[in-house]
């Protein structure tokens, strides 16, 4: 049973979903997809976005159906402890790889844009520190932090979009369909690792204070996040569609706003806005660290703090090995596309099945217990009647 | 886990975080002493022998943002080498964070400029929003030197000049990204606004108040400016014999040549960009004089924004400089240029010839539609322009709302139509699709794009001018 | 008398106490008191009354018919020592068990004045003093309700300091009151000299740099906090009342906010938040921009600053840290030093250290300006001065070492840390995280007083409704 005060509210779930849906995708995905698919990246992203929103719908349904138990408890009740441990090990591994990818992209974003003379190894350490701190925290703290930061993130996003919207010639995003549907589908599919962020919501199952608005809030958050990503990709496509060769990882995320800003004499205000916006990516990284630690915590009988430290250290080591984020991205595209796509769809479906089964089981138990209670009540009633009758008889006698 | 242990772990994490922060490469802390800020970068030459010149703001120990800039030059086998040599020569690291303008020297080839700008952008030295200009009559190095001498504070003069033109004048501007983006489009052509150095001696001999010294504003100065403009253009004509177009000024003569019996002449006041600055305009001019004087007197020049553009594309490696009329045509269809002064000259109003009617653009919307009609590619420009008359005394005329307003609107519409038609004609003649017609068909009319022939495109121009009072 | 002797001898120095033997009617009596803590006039009047009495049958008669003092009571022998140490006089009757405690306390106390940290232009100027009773009276004067509970405790093995836990019954959450009392009672210490000794007991994370217990020096503020459902702890000898639970946003509130027009109060709150943000982040941002991110600063401003920095031997981070160090030294010295030297010291601090150092080229004028602005801004929220001072040093370091990257990470960790911080069950970031829309009326925005109809939900008062008002219909 998840303690009542440890749960997150619907508003906090909204912000978490928005951040999950937007952070990683805006950071690098538009650049990657634009390089591969040119203008048709918009179509690819839209298609993948729809799939992802369907997955979000399934996750939200699971959240609504889930009894107030953690997902691990539900899985172990229905599938056995060993199966649950295996499943959660897979979850942890997947979330951890997402964390690695995200951390790599954050590192390259800052190193390209702001601190070009820094060593990327040194960069990684504070980021790993952040993951350790958030990883050992609570879901409630993450929910509150994202809720507190949401207005700032939203304002920064909005400002950036206004800036981009005013400075970019959107007619440049045409024409679509140069690559063909097959190519769009296959190339979008290759980037499946950048999608499926809502799968990580399994760690919030049973820990959400549900209201009538929970589903609506979740869907709105997901749609808003998808629209934000889409708008960003449209802007990037309109700006760089003919000169994709110029796009460098990291730098051109800000390049578009830089272009829109025009006069650099007045300072790069957009960089400050991007820094504010990047907080959402950091929160997302923290959420993945938390999700990894939570999953591992169910598998290994080790303290959460130690697990969190271990995850931080492992993250650092991997980032040390993968000095080049491009290699990391290539690895994700080459080897993780299929598993990531399957994971993206399988997890929400699995969560939905498990929670529905658990609910049914609970209902059955309730029915059984109520039947038992009824039986007991009727028995006692009969006994009472008997006694009454006996009493009446006695009285009659 | 006990609370004390938790606290211990937390403390440990904080301590580690602090250590990490302390480990960050402190030795490479950049200091103001070892950095200079580049604001304008000029590139001359071709690959194999590149010369870069940069206007640099150098911090000096004094208060305020007083004069602290210099021009540095370096050469190298490639642009990267030249930039490296620039830093070596300066003995300082050049910070390109505030680089606002890149100037390409006269005659720069298409392949070179493409490579240079691509390199500068992909290396992060030049942001996508940096302005690109073409030095029509001089090397970029001369241009930057002149720019340096122009302003007192001199750190941002050229950048401000272009930025102001973009926001306040009816001229076209190009950024690094826009240039490359349009160059790589199916049209394969891109425009660069020209800037040039104007001989000051000749102007002053003729009593020219000149563009940089406050021309424009009042009607007198307009007239004066017109005169000067034509004089200057004539002079230049003689200087560059056989060249296609006149540069600054010369609207009247040019228009008369092109439009036959039409009396009006219109155009953007690109040259007047500095006048619009008011005080600063005159300030710059005086500085320009000062610096020219300091030059030694032999070659007195000053910076002007020519109302012409250079276009790259077609089969040519060298840029083609458009004449004033074609330039204006390009500007009319440019959706990003929505402000500035436009004027009519020698208009017959109420039986009298008014030498100049100037109006300010209050808004402009350009719609370009492409379709195939009867097997012909048809491009339609619908340009809606809102103007506010600068000469308010015309509005006082009782006939203004009856006849005069309509007439003026018609006159302005005719100017737009002529200018744009001339630009289209130039495009067809030169074979350079600088108006992006092919790209338009490629984007919105696939059918027309398949067998596209620039010379066969039928262009309809439907201007609509509304004079706001 | 045996009892008098026993008590006197139980003291380390028996001469500390004075024992007077006298007769009440036919009975022998003795009065025991601490001469330094008692009022001689009261004692005289007691003695006179006793000596005039013709008969005395016991403590009841002595108390009700003979003694003419308003505050006296019959107590057990075991309480006698404690009462003497509290400044009471004890009267023993020979042969009768128990004693009479006469309140004869007399010690000098400070007048009720306006506290220096919570001065107001409009509004009450009364502030707490060191006298426990006066402080309670000041609160009781404002809350004349029988629901006001003053739970008195004694804390400290040697000090036996009086501690009062105040709450309004039915408004404060019972669990909260219980928790506070149990936490205070759990403190086993020899003595406490100020209310701040209790702060760590009431905090969930005593090592945190953020306060989780509020402090107030004014009875009107304390009364309003009590009415919001908070619990107040007063300690004898301390003019500072502790209030729990405490939310971070309270640091940006001032008692005066409620005496000003709504719009102005809101403006002041926004101003305080901006000021504290500037105080904490401005030095870090300045250092980060001048060390790594020139492009963020407008060119003209950058050149002006770089011109001023030219020739300064220290990189921006060390320069700012050096100026911060100077400022903290001057601040600390000016608090500690005799007031007569204060003016001279401020001249030395401002002119000699500041101006001369700039002229000498050791530090730059923009650096001094940044720290001056930050330091002034720091005092817009006096309760956060310590926290903000530490944070700005931390963020200066982070900005200097990690630039905007470090600052972004730092801010994220800081917010996450604050999100996990609670004050006796109330989330520190409330009403923003978790979002409590009802409490936003008195968050950054201070809505009109008549619309503040409910108590803050973050505090968890069982009695939510606070105000009802309907416009009287005219005619």
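The chains carry the letters A, B and C, assigned in the order they are written, with residues numbered from 1 in each.
The criterion applied here is as follows: a residue touches a chain if its C-beta (ideal position, glycine included) is under 8 Å from a C-beta of that chain, and two chains touch if they have at least 3 such contacts.
This is a predicted model, so every value here is computed, not measured.
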Open item on the list: Using C-alpha centres only, name the chain that sits farthest from subunit C.
Closed with: B
TODO: Consider the two chain pairs A-B and B-C; indicate the one with the greater count of contacting C-beta pairs.
DONE: A-B
Open item on the list: Can you identify the chain nearest the overall CA centroid, using each chain's own CA centroid?
Closed with: A
TODO: Determine the centre-to-centre distance between subunit A and subunit C, using the mean Cα coordinates as centres, and give it in whole Å.
DONE: 44
TODO: Would you mind pulling out the distance in Å between where the CA atoms of subunit B average out and where those of subunit C do?
DONE: 65
Task: Length of the line joining the C-alpha centres of subunit A and subunit B, rounded to whole Å - done: 46
- [ ] Give me the residues of subunit A that touch two or more other chains.
- [x] 126, 129, 133, 264-265, 268
Open item on the list: Please output the residue numbers of subunit C that touch at least 2 other chains, ranges allowed.
Closed with: 292-293, 295-296, 299-300, 302, 402, 406, 413
- [ ] Pull out every residue in subunit B that's touching 2 or more other chains.
- [x] 17, 21, 24, 30, 39, 97-98, 156
Task: Residue ranges of subunit A touching subunit B (in the complex, touch as defined) - done: 112, 116-119, 122, 125-126, 129, 132-133, 136, 167, 169, 171-172, 174-175, 239-243, 245-246, 248, 251-252, 255-256, 258-265, 268, 303-305, 309
TODO: Note which residues of subunit C are touching subunit A in the complex, please.
DONE: 292-293, 295-302, 402-409, 411-413, 415-420, 427, 429, 432-435
Task: In the complex, subunit B residues that touch subunit C - done: 7, 11, 17, 21-22, 24, 26, 29-33, 35, 37, 39, 57, 59-66, 68, 95, 97-98, 153, 155-156
Open item on the list: Residue numbers of subunit C touching subunit B in their complex, please.
Closed with: 207, 290-296, 299-300, 302-304, 306-311, 315, 317, 361, 365, 397-398, 400-402, 406, 413
Task: subunit A to subunit C touching residues, read off their complex - done: 9, 11-12, 110, 114-115, 123, 126-127, 129-130, 133-134, 137-138, 140-145, 147-149, 264-269, 271-272, 275-276, 278-279, 282-283, 286
